[in-house]
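Presented below are the structures under discussion, each in the form of C-alpha cells.
Each of the next two complexes has chain A plus one more chain, namely chain B in the first and chain C in the second.
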Partner chain A sequence: MITRFIDRHQRWLFPAPAVIFIVLMMIFPLGYTLWNSFSGWSLTAGRPNTLIGPQNYVELLQDARFWNAVLNTFYFTALAMTVELILGVSIALLLDAKDYPGKRIVTSLLLLPMMATPVAVAMVWLLMFEPTAGVINFVLDELGLPEPLWIAGTNSVIPSLALVDIWEWTPLITLIVLAGLTGLPSEPFEAARVDGASYWQTLRRVTLPMLLPTISVAGLLRFIDCIKTFDIIYAMTGGGPGFSSETLNIYTYTQAFYYFNFGYASALLVIFFTIVTGVSLLVTYSRRRLEV
Partner chain B sequence: MRHLQRLLPLLLLLSLVAGCAAPVAAPAAPAGGEAAAPAVGDMPYAGTTLRLVGANHPWQEAITPLLADFEAATGIKVNFEAYGEDQLNQKLTTEFTAGGSDIDVFMQRPLQEARVMLMNGWYEDLTDCVADPDFDFADFAEGAVGTTTVNGVLTGVPIVTEQEVLYYRKDLLEAAGIAVPTTLDELKAAAEALTDKENEMYGFVARGQRSPLVTQFSSFLYSSGGDWFDAERQATINTPEALAAIDLYGTLLREYGPPGVLNMSWPQAVAIFAQGNAALYTDASSIYANMLDPEKSTVADKTGVAKFPAGPAGSIMYNVTSWGLAMPSSSQNKEAACEFIKWATSKAIVTKTQGEGTVPGARKSVWADPAGTASFPADWVEAVAASADGRGYDRPLVTAVTEARDIIGGAVVTSIEGGDFTTAANDANAQFQALLDGEQ
Partner chain C sequence: MAASTTTATSRPRRQRTRRIAGNLIYTMALLLVVFFLLTPFLWMVLNAFKTPLQIIKLPPELIFTPTLRNFENVFGTQNFMRYIMNSVFIGAGCTLIGLLIGLPAAYSIARYRQNRLAVAILMARMVPGITFLVPLFIVFRTLGLVDSYASLILAHMLVGLPFIVWVMVPFFESIPRELTEAAVVDGASAVRTFVTVVLPLSGPGIVTASILSFVFSWNNFMFSVVLATNKTRTVPVAIYNFISYAQIDWGGLMAAAVVITLPVLALAIITQRYVIRGLTAGAIKG
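On to the complex of A and B.
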C-alpha cells in the first residue's frame, strides 16, 4: 500500500524535503516581511502588526534619511566595486602573464585577507584609522603628508570604508578571473600571435572579451556583497559620523532593532530586496546575451 | 512576606510529595536529608534557578562574587548572563517580543527603555515586592526612584546612579594659572587657553557620536536654560537657549577638541583624556575610575572632579538612575526573583557594591555612611553631592527615545562639524515634534 503510494508519487516525494526547507526558510520569511511592510507594527508606537496599507512606503519616499541611505549605499558599492574589478582583473593578468617559481604560494597568499572575519578586520582597521593614535596617520605624519580624518570625517568616511572592503575582497575577483584565464582555449591566442598582435591588442581584442562572462560573474558577486555590506560599517562607524555612512542595511537595522519600527523596517527591506534582485536579474540577463 | 505565607501550605504539600519519592528528591536540599524539613521554612525557594540577564558593567562585576552568599542563604541559584549594552537591549526585546522568555530578572536602563517596555506590558510592577518594611524602600533617593517609576508603575529598583560632572587636569590648569571653571564661559576660555594642537594637546573633549552625545549634551542644554520640550509637549530644540547650547557644545569640540571627535563615545573620549591629551572633559560621574585609576590612566594623580559649570540658567546637570533591576511579567519565579532583587539592593549589599565595588547606588543611608563613600575620591564625592538637585532625565522622556536621540544628536553633530546648525536644529525640531505628536 505505502510502497505503491511512494512509487506513484516519487517525483513529489523526493524533492519534498528540499521544497519544504526552502518554503520554511526563504519563502515564508519573505512573504512575512512583505506582509509586515504593509503593517504598522511598532513597539515604540505600541501598534500591533495589523495592516495599514502602503503608508510605510509613502512615508519612506518622503524620508530624507532613506534617500541619504540610498545615496550612501550606491556610492559605497560603486566605489568599492569599480576599484575591486580593475585591481582584481589587473592582478590576475599580472599573475597569469608568466610562470615563475612560487606562483602557487603567491596565489595562496592572496587568499589571506578573505579568510579573516570581517568584524575582526573592521576592528583592526578601526585602530589603524584612529586619527591621533592610529598607525596610518603616524606614518603620514612622519612622512610630512597631510593626515586625513578617515572614518571620522564626513566626506572621507565612505572612501575609507570602501578601502577596507577593497583590501579584503579584491583577491576574490583575482581568484575568479585567474580560474577563468586558465580555462580559456589556447587557439585564439595562437591565432593572434600568428597575426602579429601586440600584447595590448591581444588583451583588448581576445583576452578581455573572452573573459567578460567570468568578470561579470565576479562583478555580480561583489555587487550583491557590497550593496548589502553590514559588518564592517556597523563595527567601524555604525552609520556615523552623523549619518554620513548610513547605508540602507544600517538604516534598516536601526529602524528595526533600535527604534523597533518593524513595519517600517520591513518596507525598507522590501525595497532593498527589489533593488538587489533587479540588478542581479539584469546582470544575469546581459551575461546570457554575452555568452551567445 | 505575604506571598511567603500564601505559598507555605503549597510548599509543605510539595515537600510531602517529594518525601514519598525520597531517594530521588533528597539530594535537592543542599544541607542533606536530615535538614530537609527546616530548610523549607528558611529557604522556601531552595532549588530554584533564576536567569538574570544584564550588562557588562561594574555593578555586574561587583555583584557576581556575592551571588554565592545569596545561594547559601536562600538556596536560589542565580545564573548571570552579561552582554554589551546594545546587545542587552536587543536580547531583551527579541526575547520578550517572541514571548515564552524564561528571564527572571534583568538590568534595565530606565530612561532608555522603561517606557517602551512598559507599553508592551513586559514589566512586573515591583511596588508590592519592595513594600517589605525590612527592605526600607524609603531609603532610596526620591529622584532615583522617580526615574524608574513610569506612569505609577515601579519598573525597577535603582542600582546605579550618575550625574554629569567636569573632569579636569589639575596640573595644566595650575601651570596656566587658570581656576577650575565654574561657569560655561570660563570652561570655554580655559579650553581655548589650554589647546595646543601642534603638540596634540586639546583643551576639551566629550562625546561627539550622534546618539551617545545627547545625554552629555543635556546638562549644557539645561544650564543654558533649555530643555527637550515644554509642558505642552512642544519641541524646544531650536529655541535661542537650545541654539546657544548647540553652538557652545559644537564650538568646544570643533575648536578645542581632538580630531575624529565625531566617532567618539565615552570609551574613546576617556582614552584621550587618560592618555593626557585633553585638559577638560564633561561626562558621567560613574566612569571616573577610567581616569582616576592609576592602572587605567596616565594622569590619575593629576585629575580633579568638579560640579558641572553653570550657564545662564545656573548649574543644571542631570542626576539619574542609569541602571535598575527589573522583573519581566513573564517570569515563572516571581517570588524568588523578588527575593533576589530585594537582596541585591538591600542596605548590606549596596554597602558592599558601593563601598568596596565603587558602584554609586541610590540608598541615602549608604551615602551618609562613611563606609559607603570611603573608596571614592573626595572631590568626586563633593561633586556628586553638589549634583543632588539635578534633573531626573538626561534624554527626552519619550517612548521612541533612540529615534529622538538620533534626531537631536544629528543637529549637534552639524554644529560640531561647523555646519549650519540653526537650519539643522529647525529640521530636528520639526522631526522631534512629529515624533512627540505621534506619541500622544
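On to the complex of A and C.
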C-alpha cells in the first residue's frame, strides 16, 4: 500500500526531505535575515528585536567602514581572479603541451592546495610572510630585492592575501581547463596542422576560442568563491592591519559575532547576498547561453 | 641513431639544439610550477619537526635533527585527539545525512528535470555561508543548540549537500532509462528500483560526492568557529585558537597543520580520479 503510494508520488516524495532541508536551513534563514535587517536588534547596545524600518540601510550607506569593505572585497576578488585565470590557463596549456614522465603525478599535485584545510594553509603562509624571520623576505634579501611587509602593511596586505588565494585556487582553473582540453574535437587541430599553422597561431586561433566557454565558467566560479573568501583572511589578518583587509564577509562577521548587532549585520547580509546572487544569476545565464 | 649522426648536416643539428633548448625551458617551467605548488607544504612539514630556535633561524636549515616535541605538545597539552574525533563525527554525519536526502533528490532532479530544485540546492554553494550562519546562530542560540553536534552537522550540510547533488545529477542522467524501466516492468517499486538498480550503478559517483562532502566539512572554518565553542570544537577552530596566545608557538602550529592536512591530502591523492571529476564536473558541460 505504502509502496504503491510512493510509486505514484515519486516525483515529489523523493526530493521531499531535501526540500524540507532547503526550507528550514536556507529559505527560512533568508527570510528571517530580511526581517531582522529592519530591526534595531543589538545585544551589545541592549536594543530589543523591534522593527525600526529602513534605518539600518540608511546608516549603512553612510558607514565608511562598509564602503571600505566593499572596495576591499572587489579589489581582492579582481586581483585574485585575474591572476588565477591567466596563470591557471597558462599552466594547463603548459602541462598539456607535451608528454613527459610523471605527468599524472603533476596532475595529482594540483589537487593538494585546494584540498588542504584553508586555516592550516593560512598558518603556513603566516610563517612564511613573517617580515623578519620569514623565509620569503630572507630569500628576497639574499637576492637584493625589496622586502615588503606582506600582511603587516596596509598596502601590501590584500595582494598578499590574494597570493595565498592564488596558490590555493589556480590549480582548480588548471584542472578545469585540462578537462576542457581533453574534450575538444581533434579535427580543427588537424586542419590547422595541414594548413601549416605554428603552435602560437593554433593556440590563438583554435585552442583558446574553443576553450572560451570553459574558461569563462571557471572564471565565474572563482568570482563567486573569491568574493566570499573568509577563512584565510580571518585567520591571517582578521581584517587588519586597521581595516585595510576587511572585506564584506569579515565586516559582517564582526558586526554579527563581535558586536552582536544582529539588525545591522542582517542589513549587511542582505546587501552582500544581493551582490552575490546577481553574479550567480549571471553564471547561470551565461552557462545556459554557452551550452547552446 | 649512429647513421643519422654521421650523415647529419648542420640544419638538423640546429633543429636538435633548438629542441633540446625547448625541452630544457619546458622542464624548468614545469619544475617552477611544482615548486610553487609544494613549497608551502614542504615548509609546513619541515617546521613541524623543528625547535622554536631552529624555526626563527636564518638562513633556514634544510637538514637538521628532527624533534617530535611539537607533536607531543599538540596531542599532550592540547586536547587535539578530541577535536579530530569531533571533526570526523561531524564530517561523517553531514555526509551520511547529506547522501540520505541528497541522493533521492538528485535522482528526482535528473529524472523529472526539476531544474528549479537543482538551482535552489546549488544556491547554497553560491550564497555566502554567513548569510545562513547569522540567522541560524540566532535560532540555534534560542533553542540552546549552539555547541551541539546537531547544529554543526546541519550547518555543514549546507556545504556538503550541494556537492552531493552537483556530482550526482549528471551521474544519474547518464544511467540509461531502459534499465529502470525494465525494473518497473518486472514489478519493482520506485524505492526498490532506486536502491537495487540505480544506486549499485552509481558507486563512483557516490564515492566522489562523499569525499567532497567530507573534506569540505573537515576543512570548514566559518560555521565551526561560530557554532562550536567547547564540546564540539573541530580541528580548524582548534588550530586557529593556537595563534590567539601572546607568543605564537610556530612549531606546535605547524605540527597541528600537518596533523589536520595530511589525512585530507592522502584521501585526495588516493581518490584523485574521482575528486578531479567531482571538482570540475560543474564547469564542463554534462
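FYI, the second predicted complex is superposed on the first by the 272 of 292 C-alpha atoms of A that agree within 3 Å, B and C clash if a C-alpha of one lies under 4 Å from a C-alpha of the other, contacts with A are read in each partner's own complex, and residues count from 1 in each chain.
Operating definition for what follows: a residue touches a chain if its C-beta (ideal position, glycine included) is under 8 Å from a C-beta of that chain, and two chains touch if they have at least 3 such contacts.
Since we're looking at a predicted model, the values are computed, not measured.
In the superposition on chain A, A:45 makes contact with chain B only, not with chain C.
Among chain B and chain C, the chain that touches a larger number of residues in chain A is C. Once chain A of one complex is fitted onto chain A of the other, the partner contacts of A:106 are limited to chain C, with no touch recorded for chain B.
In the superposition on chain A, A:188 contacts neither chain B nor chain C. In the superposed model, A:117 makes contact with chain C only, not with chain B. In the superposed pair of complexes, A:257 makes contact with chain B and with chain C alike. For the contact definition in use here, the residues of chain A common to its chain B contact set and its chain C contact set are 133, 257. Chain A makes touch with chain C in their complex at residues 3-4, 6-7, 10-11, 14-15, 17-19, 21-22, 25-26, 28-30, 32-33, 36, 91, 94-95, 97-98, 100, 106-121, 123-128, 133, 135, 138, 142, 167, 171-172, 175-176, 179-180, 183, 213-214, 217-218, 221, 224, 227-228, 230-231, 234-235, 249, 252-253, 256-257, 262, 265-266, 269, 272-273, 276-277, 279-280, 283-284, 291. On the side of chain A, the complex with chain B involves touching residues 43-46, 130-133, 147, 149-154, 237-243, 254, 257-260.
The part of chain B that touches chain A in the complex is made up of residues 90, 93, 97, 116, 119-120, 200, 208-210, 258-263, 271-272, 275, 277, 399-400, 402-403, 406, 410, 413-414, 417, 438-439. Partner chain A is touched in their complex by these residues of chain C: 26-27, 29-30, 33-34, 36-38, 40-41, 43-44, 47, 55-56, 58-60, 100-102, 104-105, 107-109, 112, 114, 117, 119-121, 123-139, 154-155, 157-158, 161, 165, 189-192, 194, 215, 218-219, 221-222, 225-226, 235-236, 239-240, 242-243, 250, 253-254, 256-257, 260-261, 264-265, 267-269, 272, 275-276, 279-280, 282-285.
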